[in-house]
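What follows is a pair of complexes built around chain A, which joins chain B in one and chain C in the other.
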Partner chain A sequence: MSATLTAPPIQELAPNIVIRVKDGALNIGKYALLVVGIALLGACFIASMGGDPAHKTRIAFSYLTAYMGTLGICLCALFFVMVQHITRAGWSVGVRRFAENLAGALPLMALLFIPIYLSIDQLYEHWTHPHEGDEVLLGKHGWLNKGAFSVRAVLYFTIWLSLTFIFRRWSLKQDDSGDPALSLRMSRVAAPGILLFALSITFASFDWIMSLDPHWFSTIFGVCYFSGSYMAFFAFTILLTKWITGKGYMRESINTEHYHDLGKLLFTFMVFWTYTNFSQYMLISYANLPEETSFFAKRLDGGWGAVGTMLIFGHFLFPFAFLMSRHIKRNGYALGFGAVFLLVLHWIDMQFLIMPNAMAAHGADAGGADGAAAVSGQFGAQLSTWLHGMQWTDAACYLGMLCLVGSVTLINMCRHNLIPTRDPRLSEALNFQNL
Partner chain B sequence: MTSITIIDEPENPLRRAPLVEGKNNFASVTNIVARVAENRTPKGWYLMFGIAIALLLNLGAMIGYLIFTGVGVWGNNIPVGWGWPIVNFVFWIGIGHAGTLISAVLFLFRQKWRTSINRASEAMTIFAVMAAGIFPAIHVGRIWVIYWVFPIPNQMLLWPNFKSPLLWDVFAVSTYFTVSTLFWFVGLIPDLATFRDRAARAGRTIAARAYGIFAFGWHGSNRHWVNYEKAYLILAALSTPLVLSVHSIVSFDFAVSLVPGWHTTIFPPYFVAGAIFSGFGMVLTLMIPARKWLGLHELVTLNHLDNIAKILLLTGSMVGYAYGLEFFIAWYSGNEYEQFCFINRAFGPYGWAYWIMVSCNVISPQFFWFRSIRRNPTLLFIISIFVNIGMWFERFVIVVTSLARDFLPSSWGYFSPTIIDVLTYIGSFGLFFTFFLLFCRFLPILAISELKGVMPEANPHHGHDQGHGQDHASGHNKAH
Partner chain C sequence: MTTYWGVVAEFDSAAAIYKAAEQTTQKGYSRVDSHTPFPVHGIDKALGHGPSHLGWLVVCCGATGIFLAQLMMWWMNAVDYPMWVAGKEPYWWPSTIPVTFELMVLLSAFGAVFGMFGINKLPRLHHPIFSHSTIERATDDRFFLSIEASDAKFDRTETKKFLESIGGKHVELVED
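So, the complex of A and B:
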């Protein structure tokens, strides 16, 4: 038996639905975010001009932290789109278009990678300028050299940009034709797409974060990066869609029921982040092998001990209790607060992964014993060390980059339909109820 | 509307494929499931049950021999102090993961197709965990003091080592067993009441009494259902972290150590993916014959098998990801012990086992990229057997290869199992199948009430106003 049908036009499903943004209606958001984003990143750029090289390197680290935090959000938007196709999800059709638009910021992220590439000598100093006679680094020179690093970066972006392009294009094409075969085709491409995504995000996190400390290694690192990023994607999505639905758009396709589900997924991947990070920490701490514990030893010192403690409370215990309740997830302000909170914690998580390398770049590696002494000191003292080590550029880069991505997402949204109007499962999304 | 494309019906995005096929209604679904337990026992069942009981007796004999003689009857010896018993333990625990994943995780994800396979998978889970639990218990040597694994206050002030993942296992596995059994039993209650009522109507008093005891006086009132659904949801939420925790903790048994090939941070999620992979493999191995012999093909449809095959492809690829990463990081780490360990795994004396593992776990599920294979029960069955074999070998490779060649080359050895090892392992299948066959014979092997819940008749909008809800597209046959 075969079907020769097309999806019904949206007017039949929901006669009064608004599918296009009225001219200029979201301009405030679009341009405000764009201006703030450019201003903040521009200020960081100006700050990095001149001055001593150490200062420049420090700002490069601010930038890398912000970049990895934001990149994960855009990448996981692409992942979300593929997962919705492969699981034939019905509830999320409206959210999916938003995620397509957010993934549409990946070309911008490719552009924003250029400063990192230009700072490669400062950021990845340990392997770009290895010490004489460092046998370990010599052994992995075939992987960690500028040429291979660049080839891989090009490869990752090729994968991400082509997948984004394909899914956006076909999804928009379906708006015109209503052809259900496109849904089928997208679910077929999503399967190898997810495979490529898993490999590319893993090795990208190895290249861009793990290799900051090229002696250290952890097989779960890619999964850790992914889990935090996916959580941040949900937080970002909840925030931006809250603003748009507040403006009166997409209210049928993203309402309380959908926010409830997004809240559940935010909660889920917050817990999954904890699971992966606990696995990494516990196993390394238990086995106590010096080549692995160096990672955490470095993070006991320089105030990072307080950050680690904060992550346990802020990235797990508090949001676990807070987001557990159904009422919280169905309340716009409460869920919005949770999303903002976790976006901030996501940035602190990225700091925890990246920043200690910036400080180690100046002096000798932190000794494990000294670190332990420091952490057994006071949380307050550690916290103040960390806060003193922070710079305005840390926050400015992250905020600026989030603003730019938000602005590009809004620009993408205004150019096309807000929802996949002829998606075969759209009526499920419009009638979705969270029992 | 210009585009007209021909799509094979089960894949048509405009419609959700029916989860119950054929001309079935509520009554016929009850009949199909109840008939399995009510009909005369087929001769084939006696044959299989006889074999299973024989194997179970063999397990008893082996355990008796072991207890009277000592663990020296096994091939375990230095350097391989953990041999088959731990391999078998992890193998069975892994199989015990599909049930709870299907019943809890897929429930929370609203995957309604789970309803036709959850009951049997949960039963399988419970029996597999029972089979698993035997191995570490008999491995302790002095099984008569096995209760020492529990932190029971005692006058000798003897406490288990709380820092040992082996003790965490005790808690993890017993919690998992308890919650899985509860979950399974709660789901069974409405169906047991159905069986009770049918038995009473047919005049089978003893059966009616027996089902009646376990049905807890269920009579399907509104209040019963409200409480039932709440309990089910809460148990699902409690079981979901268990799906991840149990095998994570099993992986800690290895990963907290310093042994190359055991100590790596990807182990917890990698073991969980492997467990789900092996569990779904066993679900296929059991459900494909069951649906054929018991006439369940309208309830356990090709679409169900197709979905299971996709999960096998996913989890098999995740396992492949972990194999690959272990190799990559062993090289990247620059640690020569790690590097040796993995080269030795693939090309050393146990290379044969390694390549069996890779071909069964990573290569064989790749056939599921093809839809025609995913929908061919015979091929699915064959590949599911490969999955079972492959996952046993995975544990063998992990346990044995890392130990056989440790840091001290003078103590290197080659592990060979004894006949007792082999017979004990085969015996554990006897335990598993004895219980599973009893389950098939006397209990509702599919969740009757849940199956009805996913039929179109259960939709409040059924029969009018087709523009809403699940079967939205059926009202839009308007291609021009």
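So, the complex of A and C:
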């Protein structure tokens, strides 16, 4: 219905609105983030140059952890855009343009995938160099081989980059033409787009995380990865838009009311992460089959038990209590703290998924007597084992990649209108109020 | 002597009743309400209504649900008839999560629905406001503002005159 209406001019809706970033206004943020990002990733790269192969592999794992954490944020920005179109959401028109710009960092993520591809022999050693007579991996060889892995990686990025390209291009085109038919067309493309997104993010998480431990399998794994990533997307969005609105931009399109809703969604997907991860844990522990429990047996060893406990408290119980109240979600500092906190926890979650594989011996299954011994260990002792196993490159890669993505988002923002000026639902977004 | 429930005025549009609500609360009336065919955004603020207390009731019901579920499963599994299943202890907390969650949601929903009924004193067969001559249009195309007689500032003639002065039509005193 609304697609038959042309939007009124933006000056009528909000006379004092600023729709373009002044030349050079956000330069400090843009370039500082770029420099910090390149410096941190560069330092990790230099650190991986020398040293023994084990050290190199360890840094590759730091990189993979950071990469999957950041990739999820960019991918879910694309998902957010499609969800707004398919639901024809009015409140989020201003946030949607930001998400389009964040999804615009996906070409960068495609570039940053190259080091992972080059480290395929180290990271995915279990299936790239399977043991002689490993029947399970022999059976999975049709799927888990370098050729198929490469083809699928190209396919995933083709899907993600084309969807991003389509949604950004049409949205920007509407800024010029004001054609409401574009909104209708985008909502139609969003439906198959979401389907493609769901399949591609699921299989990408299978390929890039789950295949680190190729004997193990979980059908809900893709959903677990998605739920944490979508939460991290909201945390990242809240943080970066807070900074930009603090600079005086987008204040009409992302105000307290919109932050309140972003906070609700942050809360929702934090809980959804708990829901999916508990579902996975529950089924595995109930069935108690050795080929499935190996995942958790490995994660009770080497200090990871403490990390699991930390995730229950930090990724669920504390933020659940903290973000529950509307007063918290409507308070800039409190919501900002929640967002930073959950971005850190998202990184720890990625570590929990990926890192135990870096420390396990080649081909060996953790668990058994070792696993049982570790369960009885004290929380403090486990925590210190985990902290000792960490490296500066773990934090540097994650921080560096977040900075790069933030910088590219800001660069994208400065090149175009900050809000979809002629979106037919813009007035709804500007006048949005929570009941 | 007849007792009055309050005075009710009719307005033509959402914008008109929003403005009227603001003027009424500015004048110092506090027991004010609106009756509109659809939700008017921001009207609760204009009417001076504070946040609903229903949330606290729902939290208490949810917490009761958690407590009862845990008590039930702990007593049945660990005390009354302890049983070891699949190598798990009789009371193994992860296995209690689904039932605890369900009971929390169930009691929260009960709290929300029946709490809302209770706070609104529902169900009831009649309300004094129904004796206003055009009130049935509140479900169609008119917007009504009511000021209750229990308001400290309420005065039969003054309040009526005030509502007329801010553009109300069919301003009528409604009997209790």
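One rule holds in what follows: the second predicted complex is superposed on the first by the 423 of 435 C-alpha atoms of A that agree within 3 Å, B and C clash if a C-alpha of one lies under 4 Å from a C-alpha of the other, contacts with A are read in each partner's own complex, and residues count from 1 in each chain.
Simple rule for what comes next: a contact is a pair of C-beta atoms (placed from the backbone, for glycine too) under 8 Å apart; a residue touches a chain by one contact, two chains touch by 3 or more.
Computed from a predicted model, the values in this text were never measured in an experiment.
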| item | value |
| --- | --- |
| Combined model on chain A: chain C and chain B, fit or clash | clash |
| First (chain B), second (chain C), both or neither touched by A:Met270 | neither |
| Most chain A residues touched (candidates chain B, chain C) | B |
| First (chain B), second (chain C), both or neither touched by A:Glu12 | first |
| First, second, both or neither for A:Thr202, with chain B first and chain C second | first |
| Partner chain in contact with A:Val223 - chain B first, chain C second, else both or neither | first |
| Which of chain B and chain C A:Val36 touches, first, second, both or neither | neither |
| First (chain B), second (chain C), both or neither touched by A:Cys76 | neither |
| Partner chain in contact with A:Leu184 - chain B first, chain C second, else both or neither | first |
| Touched partner set for A:Tyr286, first chain B, second chain C, both or neither | both |
| Residues on chain A lying within both footprints (that of chain B and that of chain C) | 282, 286, 431 |
| Interface residues, chain A side, partner chain B - complex | 1-8, 12-13, 88, 91, 135-137, 139-140, 143, 177-181, 183-184, 187, 191, 195, 198-199, 202, 206, 215, 217-223, 271, 275-276, 279-280, 282-284, 286-287, 289, 291, 424-425, 427-428, 431 |
| Residues of chain B defined as touching chain A within the complex | 1-9, 11-15, 110, 241, 244, 248, 252, 255-258, 263-269, 313, 317, 321-322, 325-326, 329, 331-335, 369, 467-470, 472-473, 476-479 |
| Residues of chain A touching chain C in the complex | 278, 281-282, 285-286, 288, 431, 433, 435 |
| Complex contact set, residues of chain C against chain A | 39, 41-42, 44, 86-88, 94-95, 97-98 |
